[in-house]
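Heads up, the next two complexes both have chain A, just with different partners, chain B and then chain C.
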Partner chain A sequence: MKLHEFVVRRLLLLVPVMVGVAVFTFAIAHIIPGDPAAIQCGDKCGLIVDYTDDGDPITAYEANRIRLKMDDPVLEQFWRYITDLAEGDWGDSLLYHRPVVDVVKDAAPITLEMSFLALFIAYPLGIFLGIISAVRQDRMFDHVSRFFAIAFVSLPIFWFAMMLQLYLATGTEHGGICDPIFGTEGGCFPIYGRHDPSFTYPEDGYMWFYPEGGTGFHLIDSWFVTDEKLATLPAEWGSNWLLFKDTLMHLALPCTALGIASAGSLLRYMRASLLEVLHEDYVRTARAKGLSEFRVVVVHACRNALVPIVTILGFSIGGAIGGAVLTETVFAFNGMGRVAVTSLQYLDFTVIMGVTLITSVIFLLSNLIVDITYAIIDPRVRLE
Partner chain B sequence: MDSKLRALLMCTLMIASALAGCLGGDDDGGDTPEDVLGCTYADATNYNPDATKDDGSCTYDEPEPEPEPVMGCTDSAANNHDAAAEVDDGSCDYGRSQAEIMADYAAGTIGFEQALYELEVSRKCREQGSNNPCEIVEMSIGDASTIDPHDAYDSASGDVIEQVYDTLYRYAGDGSGNAIIEPRLATGYSVSEDGLTYTFDLRDDVYFSNGDKMDASDVVYSWCRVLGYGSPDSHVGWILEQSFDCNDADGNHDDNGGESFTVYSDTSFSVTLFAPSSAFISTIAYTVGAVINADLCEANRVVELDADGNVTSDDYCHEWMDEGPAGAGTNAYIVQSWVREDRLVLTPNWMYWEDGDYNINRHTVSIVTEASTRLLAFTDGEVDFGSINIEDLVNFCYIDENGNGEFDAGEDDALDDKPNVASKDGYLCSYRETFTTTLSAFNLNPKVLDAGEDNTNPGSNSSLVINHDCDGDGTNDCNVMETAALREAISYAFNYEQHRRETYDNSLAPQYGPIPTGFLFAETQYEVFTYNIALAEQILEDAGFIRQYDCASLTHGDAPTVVAEADRDGDECRLPNVLRVMANEGNDYRIAMAQQLEEALGTIGVATSGDAKPWPEYLTMYYTRTWDIRFSGWAPDYLDPDNYWSPFAGSHDIGGDAYGTGYHNDDVDAALLIGRQSQDNDEREQAYIDAFAAWTQDPNMIIIGQYNGIGVKHDDICSPDWVAIGSAHWFDYDKLPEVNGELVGSCE
Partner chain C sequence: MKSWDDGRENREESRRRLREALAQSRSDLSRSWKIYKRSLLAMLGLFMVISVSMVAMFAEEIAVEHPYRNLQDTEDKWSIDYEPRRVAPFSEECDWHEQKITTNPNSPLFSDTVVAESDDKVGDDNRYYRDTLSVIRIIKLEDSKGYNLNTSLLSIDPSNSSILIVSSELSSNTSLYTGVWVTYEFDNEAMHHWWLPDGYDVCIFGTNDQGQDLFSKVLYGAKVSLKIGLTVATLTVIIGTIVGSISGYFGGRVDEFIMRICDIFFAIPGLILAMAFVAAMNQVTSLTIPVWLGVLIPLFVMASISSSYLSSTVPLDSIVNERTMNRLTYYRWWILAIPIVLFFLGWLPFGIGWPDLFGLSDDNTWRLIATFSIIVLAGIVTLADRRFVLDTSIEGGLERVRESFDWTNPWRYLTFRTVAVFIALALLFNFSGNEGGEIVLIKDFDRLWKVQAALIFTGWPGYSRLIRGQVLYVKEMTFVEAARSVGAPSGRIMFRHILPNAWAPLLVAFTLDIGGTILSASGLSFIGLGAEPGTAEWGILISESRRYFLDSPWLMLYPGLAIAVTVLGFNLLGDGIRDVVDPKNRR
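Right after this comes the complex of A and B.
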């Protein structure tokens, strides 16, 4: 099978999978206990807000059920949901008062940017330390790195995130360690948020200076802000680099928190994989040929040891998106994780289903990419 | 030989040394001819480098006088900014005064853009300091749901709406903890003799943020929009709907007022109510009474018609109003940007009518749900306000137990004496009583779910529990909860002090009736119910609720087994059913209160069941009325006692009974109607005294207390008097600049 046939086939398979996910999420949303109509009015649900044509009072709760069409048969609700979905209408959010598509469109790049950057930290770090650990098997470095690897995997992300905030984002008087070392004031990094609170000053519109139809990844979009728009910004953000830097500084701690756990597990995988390869005959042959140890390890052993690591990438992306729920909450990023949590609290079913759908797509696509990459780097694997 | 040579050498050296000493000059004598006299100091103007001895002739230049600093206006924002100026001499010119500019704008001498520019120059905050004194950053737990004032019923939305939109009147603090109503867009009003028609006079100097002038037709349009649109998301419209309609003679809705409204001029109009209402001014002071730009709303209104020209949908410009667009409001700020659940930024509406300059040019609200992040950011100074949790207040506040004005070790162990809270360095802590009440309601018409019904489905069928003979004819015709004596007894079985002090860790202030302290006519109430289990038992005994039922036989609705009189051992139960005490999982306060009440009732022979229910089941019980006692809460909508009494204790007949408990007391209703309709304060006061007296004989709820708390802020923030209703108005706030680590100025 040719590569493009494989890709098309996998993409077509997405359709039934998505339908399955839609059915599943709709069912879950309607099975879990809770009543959005009641959540909306809370203690004031009993207030009489209207009267029927016959003069009977309608309470706030009853009015909500009517407005949300909750008394329609479930099958009718499901059919409406599926047909709207097919037409690109994901419904409107009760909480955000916007189309769900827009909510997801705004939130997804935030989560993906953070997750990708976290993996960008995790992979080189985990692989590098894994190699060193394997090469220095059972020596002090190996013991120490394995200890930290287990610790990083075991530590709850939210705890690690809070520790990063405390030590790297606050001044000395509050426990921060940065200021005396780097001469900063109030820590090296911001405590929360995707941007500085004063970022939009003084013009109107949130991030109006970013290009319309941009990627939503501000690390990228920041380089495409025009000079004309840059000229209107205060000096502290008046260049592409400064915009990029602000985004990067705000991403540093959440990405570290998110990436460090992945780095720990990657270290373990890489170490085990490399140790296995180092005992292969061809490595012994390479050594016998008199190649330097560096060349033996990096060129011959690592190349093959990395193959299983690629497989993990798909799961890592899923894990990072899952971990983003906590990270986004701690660092106040309004990405998909936080949107999902908030929507669950308010039983905003349309958003819950939208986020689930888009997360499924991301997960499926990332695994597709992994499969393709796997086939490319390991010729023994066939696309069949 | 060597020793001889060494001795000779030594002798030669000694002789040479002695001779060398004799050859030097005699310094003890006068000047020698070889000395050159002159000035030997190099910094002197007549320094003589050849002089070997100073003769005291040195002369020096006069020191250069310190250059005078260049005085002038150093503020680059001023019209007469002097770039060379080093010291500000107070001569900065910020343009014309607000009054002059607005007078010219009103006369048409200058256009909107020019006026806006001049107003900004004239009014903007210019303070310099390391703490960004012209900006306030706030962290909030929840975001606004909408900035359309006519469909917003939550406090987070109200907090923004009150910055952007004005009402004719608004709530304010009187400085002593009480709430008052103060005029805003209205200058005054009169009421017709029958109490039905209110005629308002409006300010003549109010403009929307886009420069349009606000007049009476905007007010009428705004109020009728509330009724026409119907606030489908929030149902807040009921607050106005209870008072008037906007129908024409044919009964059709009229956006411009219909028969109830009359516009006399740009600054005067009247509205006729369905019935007299002493709370009317208070209701229109709620954000739902906000005035919007009628012309802009009409321009942005989306109306869809069918083929026959009938209206199929009408958004009354809600989509446009949803995010608080520029030009829609008249208050001090406009919404610069809003990313839902993330960040909202307010910047000045330079056209704002109130006199004075801005102290805060920018207000940012970040939504941060994680408490530890808020705490850290607030402590580290990244934000000015942080929505600090109660348990974290000890980081900033303490109780000055020994009264020495200093924070001593251990004084922050417990902030239990909240009214005497003191502040640690860098912070300002203040005690605040809110108007949020916590209570427990009694259901007079409890039901049980029909067989096979789902206990998580709010639409489940249920049936009334009839198990008591209320009219004394020998047959059961009501539920025991309809008996006033039973409810009175339950009220005495609740341990108020324990829960205010311990369960709520002193976060509840005593409240003896529906009206909280600080509210109008709160003094009409006094303490009646206290924890007195013996009295509770005696009341039950006196009312005929004797121990006669086999406790094991009791259910919520089925008939009980009566134990023969001869077989009774005193452990029997008094009521024919088990009372269901509702609390929801996750609310430890309610769970603890329910447990105490159940235990207390158990000791006097009243069987209860009350496991904490998951929220869905809790709601199902509420909507299917399958409960007997329910812990709940209530926050005020508008500043009038009627908003507290009627929903709680007024019957359905007078528009009360918000919890659907079936409570009906004619005396209470009659008194509440007088309190609601009378324009005479003395008469109203007496009405609430009467209502309270009648209600204590026939209570329909346990009123536990009103929330109090401690507000904390950084000590550079100056705020107006605390008011327990409504929101902070950022135009009235100030932030002292911090220069060289010291705050400049004071909040006094």
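Right after this comes the complex of A and C.
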């Protein structure tokens, strides 16, 4: 199979899954108890807002039902849902009074930025420790690192995040360990939030100085803030670097909490994968040629040991987005996880559907990219 | 007439084989244990799992108080009459008691002395009473506005430590007529840990903002978490195995269909899916299934068992007989058709439910079940007797029923099995309680059950994939081919030949999944979609501690450690088992 055939095949396979996910979200939103029409009008449901042609009164509740077309057959509603989705109309949020697309557009970069950075930390760390662990198999380092790898996977993310907050983001009076060591005040890192609170001036939560239509990743956007806008900011934030640094500092703890489990599992995969490769003939050949151990491991063995690791990346992204629900709750990030929790608590049906759908799209796309990458790295895959 | 003596040699042979198999499995087990023992981490994991299980088992004995009761309320002795406070671990304040003393001379309570006693309590006989507390020392005296007074204004009666003597200076101070608050240390033997040395035995994990002992809560939390972990992992394994083996064994379209459904499940992050599922079940208060489903499922299971039994036990020499063969096929389909025909009879054409059909009211549904049980019992007993299939006369039907209850009949175990199944069903039905046309599976379908249901719902696709892969691998082996070539039915090949050879990765996944489930369940509780607030569940304990976590870090530290230790234990255990079942290590 040629590569482009493979890609097309994978894309086609995505279609039924996406339709299935859409059916699924639609079903969930319909099973969840609660009436969107009643939620929208609140305590004014009984008010008469209009009259039918026959002169019968229409209450606000009934008007809502008509407007939301809730009395249509379910199949018809589903069809409309699918076509609307395809046209980019995901409905309006009952809670935020904004289109769901906008809500998701605001929330998704926050989660993605955090997840990507977390994996960005976790991957090199896990791979590096995994290599050392495999090279020093059954020695002390191996045992200790394996224990910690399993321990990190076993930590509840939210608890670990709170522990990080407690010890790295507070002053000595609360048991923080940073102040005496680094001479900081009130801990090394900010305790929660995505930015320093003074950032959001004049409007709460609105980063007016970031460029319109930017990526939404503030690590990137901070370098594109224009000089005029920087000049209006207080002196301590008045440069691209300071903006970038602030974002990075705020991301440090959430990313550590999120990435630590991935790093742990990655260490184990890398160790197993490398151990397998180290027993191969070509590694023995390389050793027999008199190459240095470093060259044998890093250049010859690792290249092949890393191939299966690529596949884990897809699952890690899904795991990171799931874990983001917890870290975002702890660190008060307004990402997709938090939006999902809030929408479920307030029964905001359209947002529930939107968030579930967008997370699965992200997950599927990242898996697709991983699969294609894998097919490029390892051409045997395409033959199956 | 056949008798027990007919197959004596065969039975002895099978007994000998059983003995051999047992000896073999014993030696296998000891070798596995030898491999397992090699790893220190695995032993550590086993130790952790055993200790957590012991803690969960003996939580009542170790814990000081019931997790939902107030600290001062131990053994129904003390009531809550003080401001509940968060107390750090090992702090003396656990033994402190705060009480209001009325110093107003017009108050009926007033006298020279004030008895240190608990607040009004309602006893079993509905009368108010007060318990006396023996006071050890007076710690603080405050007026009603919270200003400190000199503690020497109160003193303990040397002859009776339950009596506080109010000095005349205090009682004559008219500005304090509204009362003063005294904090005293009282003798708190009831909540001391018998298994710890003196001085380290009071609220070792501190108390929460309700004044409840965190240690007891964490201990009881082990019960909840282990229960969730084991239930969810077991049920997920069962569902996943069934679906996965069907998918792997039959392949083709079935496989494609099931795997696409699994893909959908994989596409949505597990935690978000579980959250949505918990929310979707928000208003379900008890898990029920309609009676028709409750009748139909056991009927169908029984029918397919007896049908597959028919096809697998008919002797080879009789299969040659074409007439018997036709008859066999005919009856097989007939058995399978019973439930379906009955279902459509009762349900579709008339649009009425089963109760209406039989003229029974809803609360009489058990009679419906009983009636059906008897019908099916008779039917299956008659049909499952293989001689019925081989016999030429159909008129002998009644005779067969009588024969199947005959003590000397070698095939009567079939009857026993059927009777046993139906008795079990009837008991299950009876104990689960039934409410108007529905069989109640879980009466109190609380939030914990919802979490479990959600985790089962999101968890099975993983196992399905795992088992499918295993089945695909084992299916190609020669012994499966051999079984198929002698005409073994699909069910038998699957459960007798394929699954026993595919269990190893399943066991590892199961162990690891217990830990994973505990993590997810506590995560769900943490974001407020799991256990009810106030439950002794680790996730909700951490979630409740968030408000105070800077001032009272112990509130989150210990529940979190408990989760981490438990999950770590199961993960290490699973890792150890992986080493054991790894064929590379089995040399």
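What we mean here is this: the second predicted complex is superposed on the first by the 310 of 384 C-alpha atoms of A that agree within 3 Å, B and C clash if a C-alpha of one lies under 4 Å from a C-alpha of the other, contacts with A are read in each partner's own complex, and residues count from 1 in each chain.
Here is the rule we use: a residue touches a chain if its C-beta (ideal position, glycine included) is under 8 Å from a C-beta of that chain, and two chains touch if they have at least 3 such contacts.
These figures come from a predicted structure and were not determined experimentally.
**Student:** Scan A:Thr342 for contacts with chain B and chain C and give back first, second, both or neither.
**Tutor:** In the superposition, A:Thr342 touches chain B alone.
**Student:** Taking the superposition on A as described, I'd like to know which of chain B and chain C A:Arg67 touches: first, second, both or neither.
**Tutor:** After superposition on chain A, A:Arg67 lies in contact with chain B alone.
**Student:** Which partner does A:Thr170 reach: the first (chain B), the second (chain C), both, or neither?
**Tutor:** In the superposition, A:Thr170 contacts both chain B and chain C.
**Student:** Check the residue A:Lys44 against both partner chains and state whether it touches chain B (first), chain C (second), both, or neither.
**Tutor:** After superposing on A, A:Lys44 lies in contact with chain B but is clear of chain C.
**Student:** First (chain B), second (chain C), both or neither: which does A:Tyr96 touch?
**Tutor:** A:Tyr96 sits against chain B, while chain C stays out of touch.
**Student:** Classify the contacts of A:His143 with the two partner chains as first (chain B alone), second (chain C alone), both, or neither.
**Tutor:** second
**Student:** A:Ala151 in the overlay: touching chain B, chain C, both, or neither? Say first, second, both or neither.
**Tutor:** Only chain C; A:Ala151 stays clear of chain B.
**Student:** Check the residue A:Ala286 against both partner chains and state whether it touches chain B (first), chain C (second), both, or neither.
**Tutor:** After superposing on A, A:Ala286 lies clear of both chain B and chain C.
**Student:** For A:Gly193, using the defined touch cut-off, is the partner it touches chain B, chain C, both, or neither? Pick first, second, both or neither.
**Tutor:** It touches chain B, and chain C stays clear.
**Student:** In the superposed view, which residues of chain A touch chain B and also chain C?
**Tutor:** Looking at chain A, the two contact sets intersect at 33-34, 162, 165-166, 170, 174, 329-330.
**Student:** For chain A, which residues count as touching chain C in their complex?
**Tutor:** 16-17, 20-21, 24, 28, 31-34, 143, 146-147, 150-151, 153-160, 162-163, 165-166, 170, 174-175, 318-319, 321-323, 325-326, 329-330, 337, 340-341, 344-345, 347, 352, 355-356, 359-360, 363-364
**Student:** Chain A touches which residues of chain B in the complex?
**Tutor:** 132, 135, 137, 145-146, 153, 230, 232-233, 235, 237-238, 241, 322, 326, 336-343, 345, 347, 362, 364, 366-370, 372-373, 376-377, 379-383, 456, 458-459, 614-617, 619-620, 622-623, 632-634, 647, 655, 657-660
**Student:** Please give the residue numbers of chain C that touch chain A in the complex, ascending.
**Tutor:** 40-41, 260-261, 263-264, 266-273, 275-277, 279-280, 282-283, 515, 519, 522-523, 526-529, 539, 542, 546, 549-551, 553, 556-557, 559-560, 563-564, 567-568, 571-572, 575
**Student:** Note which residues of chain A are touching chain B in the complex, please.
**Tutor:** Contacts found on chain A: 33-35, 37-38, 40-41, 43-50, 59-61, 63, 67, 71, 95-98, 106, 162, 165-166, 169-171, 174, 176, 186-187, 190-194, 197-198, 200-202, 204-206, 208, 329-332, 334, 338-339, 342.
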